[in-house]
Every structure is written in structure tokens, then in C-alpha cells.
């Protein structure tokens, strides 16, 4: 068994959040969550079902591009995944502009479905491998989707956790703050504090556990059938991660 | 060639109103308009296209039962047909109740799509073979769909003509009145006045022309391929009319 | 709710799973109707059903009404086509034994689409000035916020408890092929639960072949399936088998009176589980 | 408007029929894109196009923007997937040479469904408190009339002038088979005109067979069709052929600068009618 890589730690951490769910959907530019969803399905014996955007070889939706959003609105999608050029301490995410949107310093692809699904899907898992003060910021430059909403706004969904290359955070919508849940092997709390642009809570128990690495049977699945299926949508990712 | 029957006069009269149109749809319980639409298509060499509700052997729509209504809303349906248990002098139609709706003397099938399509389709052709003061009334007991609407109501469509077993009326939405356009062979204006429960205008020219009977080649089409196709949806109608 | 469709033994098990009082959405007769489950509902003496015609009814509603299974009907029409008026329905309306919510076809489609999209309402053109709308206190006359003085009606979303239909085939993963009958898709999306009888359950996956996938409702939306050959009888399965016109005419004659209807039930429905 | 689809010689004739300034709706890259017509639009030096991504863009928009054909882009995203940012799009946004209307996927679908249904607007959940919504003065924050204190956003209908896509096949009546790619159905319904290139034009009718009918857009909605083998190249035709990944990587490299993009055009687009 080769050394476990950061992406594999992240995949395993996300997989644990998906076990026991019914249906999971994966959007654009989400190879790590996509791998986690496929692994959760393999571990769960076909459950949760997984819909992988762009995987036209495995049809799961038959009503066109709107079906994912309608399906989520019907309460049938339990988990979804969002990244962010920036993510801030209140779980606001920015997928579009750095700087002034009218004269941006940088432009990223766009908000995709985030401005909707972040409100609707009960368990939205944020992911960002790069964990630096540049990506995890005090306040995002542009809110693609807010982490929380006023009481009167219809919002059955929202942020559940943030998984980075260094650690796992949970999110408390009441306090509008992340809490550090575990630190990946080889990293420590001081580093997390230093590399995070926003303040966050520590576990109530005081000690921060290590993120458990994937068990050997998960690694076998991950590097075998999961890698093969994710390669249909993310060939470069699969090549880099699993064929190294 | 057998004698021309009343239904065939009506079919021919409606057919003339459909020539040159692009797309015609036919709803439930509409064998006479259905025959007219198919005849218009045969005469026009495939134009107008015809969608016949219930003719599942000839698929024209592929987006389910809503497509007819959406298609009409998009401005793609040029003509539609509505009957009525009662039709009044302002072209209001009643497809549901005779008497008080809470304690009805009679109940007919229901409004179907009339409460919508009467507003939307530019050329709605009303048809009712029974032309008596019982069916053509001063004021309907229940408005399934109104003949006219206030100025501020979105209404690209509305009544174009009323074809009965005795005559053809046109409708003037400004005056909210029908005008007698032609009387079928064997009937006369005095009879129309006597058998009509509402007041109507006479042609500006003074004399009322006779409704022209179907030309021989139309009769051949009507009793041949049109009868065969309409029999798929209306076997009893086709049996009674064309096989007599 | 489990995400995977269950497989039941027969239509009787589906009827047992549909609770009394359910808001039950049913397709029109030109889409396949699960008549076998309708008869099973009569046999299990279902009560207080609220029927939603998508968008119109014929035999399904008439039989359930005649058998005393129905409290309320929302529909654009109930018709037996060339066989005339639906007799038990017409009688029930005149005697006031069912609550009637008259509507129009596109209003039903739009209200189901609202549930499909998870929005509380849908605007719809037409309707203004009709007595259909006047007798619907649950509809609201509002305005188009993008124009001056442009009235438009807002329809509240309809979310059925149960959608029930028949289909030509399903696969063992629970995907159901419905072809062009996409009102069934919207119904399944909009409903809390969806039950289907099918002519046959096939091996292989309806979703793997792009040709069949195009007409397939994914198992995600399907609560349970039971195999039932001739499940539409005496109605037609489009592209499958024709309607049994003689039997339909017999029903239309017998159901003219409650007594005649009751003897129809005795002859063709009650105690006839084995024949289904 | 004639109700029957026209048959054109090639993608060049389609490009000639799409007017400058048109609001042009295009599918995502996981539905078939008519890249052959995109190149023809570049060759005919189309101008001031307003692109609508349904719901997102990749190569189609990047190439049209780089070639100076585009005035405005409304989309949920523009991405080259694993090849990174779309270079000509990103550069144009930074330099401010295109009007940008940022949106989110379901808002585009809902606004097209509004046009499909002939209603002036559609309500949609989510959106409230996003800067996407804050920067859309054409969206209105309203309320749900069926509840107390329930804010919801109203989206105005979007009616494209033109929908353009590629499909596996059409028949000689002008019906087009699109399979499960039903965003193409909504686009065709919502648009004033619809143009499709297809891999092949087949004999027989796609509507006669219930299996193919389920994935078919009727000719009623199709303005014109042209046959174009490999019409998606260098993108994929799902279930047909794979993307030309090497060529896409070449484009992504060359288009990093305007000069590189211009030489890409010279090499692969301009004067290459014969190769299409």
C-alpha cells in the first residue's frame, strides 16, 4: 500500500459524512467530493445513490439540467458539495470575483448552482484543498452564497462541514462559526490557526483529534473502481492522484 | 356521392377557417373539429399540422399533457375548438353546470382547458351541433371561460366563430356580439332567430349567404382517410357519420 | 424514506400502502392507468380519498366514487368520451356527496410543477373572469411585478401524497419506462410517494441504454412497483393493447344506477383478486 | 413563421441565419454543442451576440468572445474543467470588454421555463442575500402571497432569439432526437427560433416509434436543421464520440493570449469551411 495522500485523507473524511444517506449529488469541478461519494456508495453497497455531473456514461437524471435543482428542492438530495475561491468564517462562499466585481483582480468560473443549492440541500460539505489565509478569509469579496440567512428566509439547507488539505471543520449556524473537528496527520492546531484567515472554535473537549486515515479496504476501493469511474469525468485528477 | 349531412357541412365550414394556418390543436370531445383539422391538413398538403388529443397512435407532443398548453402559450397554436353545454350572446361558454353550481340540475364533464386556451389561442372556433334556445342562451349559468375580457387582462386569443347545425356566426369582441355569416342549406334566417336564445347582428350587406357545402373532393377525403383517422379517437362518431 | 424502489407482490399490496384520506394523483386515460390497483382500492374499502385528475378523469374516478372511496375530487373534467357522462361521478355531484374542486387542465399542470420546483406557487395566464377561478378561494388574483396593471392568477403548489399509474415496464433497479407520457414524470417529482404497476419487469437497466433512458423515471422517485399484466384493463395501454370497448360500454350501462354499479362490482371487482 | 423545419446545406447557412445582436442560448458541454456552427459564426464575423449559457459555458463562449463576436454573457459559470479557467472569457471580464450578467444554474432554467409556459416570471427559492441577486436589478425581491413574511425572488422570463445545439439525429420531417438532454427541449420551447446540426438525417419518423419519440423534439419547434458529422468536435458527443482532449489542451494553451488565440483561429477556423 502506497503512502496515503492528502486528497485521500480528504476523500475519506467526506466519505464518513455520507454513510447512511439516501442520495448524494456532485456538481462541477468536484473530483474529491465525487470520489468520496463513489466510495460511500461502494462501502454502503449501493447506498447512497450518486449523481455525478458530467458523467454522461452513467445516466442518473432524465429530465435535463434542471432536474438536479428540482430534485434538491423536493428534498430528495441529502448532500452536495461546494468549493470556493474564498470561504470566510461565516461560511460565505465566493466562486466568482477577487476584488471589485466591476474591475476584478481575478475572475473564477462562476457561482454555478451554489446560490441556490446552499440554501436547499441539508448537508452541504465545503471543500478546499488549499488551506491558506488567501483562501480561508475573514470576509469574502463576493458572496456567491451566504453561510446563514435571516430567520424568515426559506432555508432547509446550509453548510455542514469544511474539509481542507489540513483539517476538518464543522459549522454552527447559530453561532455563525466554524469549529475545528480534526487535524490531518502531519498537521497541528497552531498551523491551522496560522493558516486560517478567520477565527474559529476549538472542540469543547479541548483536545483536537487527528483525522483518521482511510482504512486499507477503503484505499483499495478508492484506488481501484472509484478511480476508474472518477476518471471518466476527471481524467487529469485520476491520473495525478491514483496513477502516481 | 351520398347526401351531404349536417356534420359534413359543419366540418367543411370549420375547414375553411383553418386553411393557411400553421398548427391546429384539437381537444377532448371534438370529433367535428377533429375531422375538420384533418381535412384541412389533407387539403393543405400537410399544413396545418394537427395535434389530436387522445390519438396516441400519432404522437405529436412529447412533453406530456402540459405541452399543448405551453405550446399555445408560446404562440405556436393558431386555432383551437371549444364546445359548450351553453354558449351565450357574449360568447361566454359553460362546460360544467346547469343551475346553481352548488346544487346543479345538470353536471357536464368540466371546463377541460377552456378557462385557459380561450384566452391564449388566437382563433378559437366554437362548435355546437344542437342549435336551440336551450344551448344558445342569453346568459350562461356558469362561465367556464368568458368571451371577452377587460382591457388590462392579457388575452391574445378568443372566440373567432361559432359553427352550429344551422349556421355560421362570426364574433366581434368590440361589440361583444355574434354576427350571422351564413345559413346552412335547408335552413333560413327566421329559423335562426327563433332558435337562438341571444340577439345577434346580421351581415352588413343585408342578405345572408348559404353555407357552401363541401366540394366533392373534400367529401371524398372526409369519408375516406379523414374518417379512418378520426375513428381511432372517435369510433362511434365515425361509425355513425361516415359508415351510414 | 429509502431511496430505492421496493418491489411488491401485486396491486393489492400497493392498494394496502395507499392510506385512507390520501391526496391521490391519477393520470388521464390516454396515459396508462393502473386500473388493477383501482379495483384493489375498492376491495380494501379505501375511504376519504381525495382524487386529483392530471388533468382529467374517466373510469378510475367513477369507480372509486361509486364504491364510496372518495371524499373530494379536483379535476378539469370527468368524461367517458363517446360513452357520455361518467354516471357515478355525475350522480355524486348532483347529490352533493363529494366535495368538488373544479379546475382547468393547465392549472393542475402548473400547480404540480410548482411542487416539482419546490416553489410555493406558480403564476398562470388565462383564468381571470372565469367562474372556475371565482369558486377557488385558494387561488389568488395578483399582479405581474414586471409590468404596470397586469393582473395574473397565482396558483398554490399541489403536492400529492401518492401518484399511481401503470407503465409498460420497469427494471430491477426500480426505474420505470413511461415513454412520452411525461405528465407521469411531473407527478412523480411532485408527489411524496409514487406507486406503479407495470406489464413486465425486465433484466438489465433502462438507464444504461440512452434510447430507453429518455423515457424513464429514475428509481429515485419510485416508492414501489408491482408487476401486473393487463394492468390497464379495461382501458388501453397505448402501443400495448386496445381498450375493451364492450366492457366499458357494459360499465357505462350498469353504472347508470347505484344498484347496477353495485352489481358490476360484485361481478367484476369484489372477490376477484385471483383474476388480477 | 412556417411550422415545418427547413433543411439547410451546412452549419454555414445556420450561422448566416443567426443575426448579429441575437440573444443566443447554448447548451452546456455535457449536452451536444454545435461547435461547427460556432466556428461558422466566427467565420462570418458575427457581432454583438448576447450569449445565454444553459446553464454554463466552456469552449463555445470562449471562442466567440475571443473572436470579438460577443457583447454580453449571461451564465452561471464559464469553465474549461480540468484545463482551468476559460482564457478569452477571463481576459474579457478583466478588461471589461463584455457585459457580464452573473447568475446561477436554476435561475436560468426557471426563467426559460417561464417563457416555455408563457408567464412573465417565475419565483425561485434560494438567491436571497447573494451578491449574484444583488447585482441583478432585473430580479425582484417579492413575497409569497400564500404565507406571512416569506420573501422570495421573482425572475423575469428569458426568451432567447435563437437556440443552437447539436444532436445525434433528425428525421426528414424535422423532428430531432435529443435523448435525455431535456434542457434542449426547454430551450427550444422557450426560444423564438431553434437551429440544430445533427450527425445524420434518417429515413422514417422519430415520432412513430414510441421508443425514439420519448427523446424527440417535434419539428414544430425546429426552425432549421443541417447535417454535420462530428459537429461537436473538439467536444464530445455523449454516447457518440469522445472529446479531442489533445486539441482542447492545445486551444487552452494557445488562447492564453489574444495573439495565440488569433493564430489558433487562423490555423483551425478561418478559411476552413471545407474541413467542416
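Lettered A, B, C and D in written order, each chain numbered from 1.
Just so it is clear, contacts are C-beta pairs under 8 Å (C-beta built on N, C-alpha and C of every residue); 3 or more make two chains touch, one makes a residue touch a chain.
Bear in mind that the values here come from a model prediction, so they are computed numbers and not experimental data.
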| item | value |
| --- | --- |
| A-C or A-D, whichever has more C-beta pairs in contact | A-D |
| Rounded Å distance between subunit B and subunit D, as computed from the means of their C-alpha atoms | 40 |
| Chain centre separation (subunit A, subunit D; CA means) in Å | 29 |
| Distance between the centres, which are taken as Cα means, of subunit B and subunit A, whole angstrom | 59 |
| Of all residues in subunit C, the ones touching two or more other chains | 110, 113, 117-119, 124-125, 150, 152, 180, 185, 210, 213-215, 238-239 |
| Sites on subunit B at which at least two other chains make contact | 59, 61-63, 69, 73, 120 |
| Pairwise touch network: line, ring, star, complete, or other | other |
| Inter-chain touch pairs (all) | A-C, A-D, B-C, B-D, C-D |
| Subunit C residues within the subunit B interface of the complex | 28, 30-31, 54-56, 75-79, 81-82, 85-86, 89-90, 93-94, 96, 102-107, 109-110, 113, 124-133, 135, 149-152, 180-186, 236, 238-239, 245 |
| Complex contact set, residues of subunit B against subunit D | 22-23, 46-49, 58-63, 69-76, 120 |
| Contacting residues of subunit B [partner subunit C, same complex] | 28-29, 53-54, 56-57, 59, 61-67, 69, 73, 95-96, 101-104, 106-120, 142-146, 149-150, 152-154, 234-237 |
| Touch list for subunit D against partner subunit B, complex | 1-4, 115-119, 185, 189-190, 207-208, 210, 213-221 |
| Subunit D residues within the subunit C interface of the complex | 110, 113, 117-125, 140, 142, 144-147, 150, 152, 154, 156, 178-180, 210-215, 238-239 |
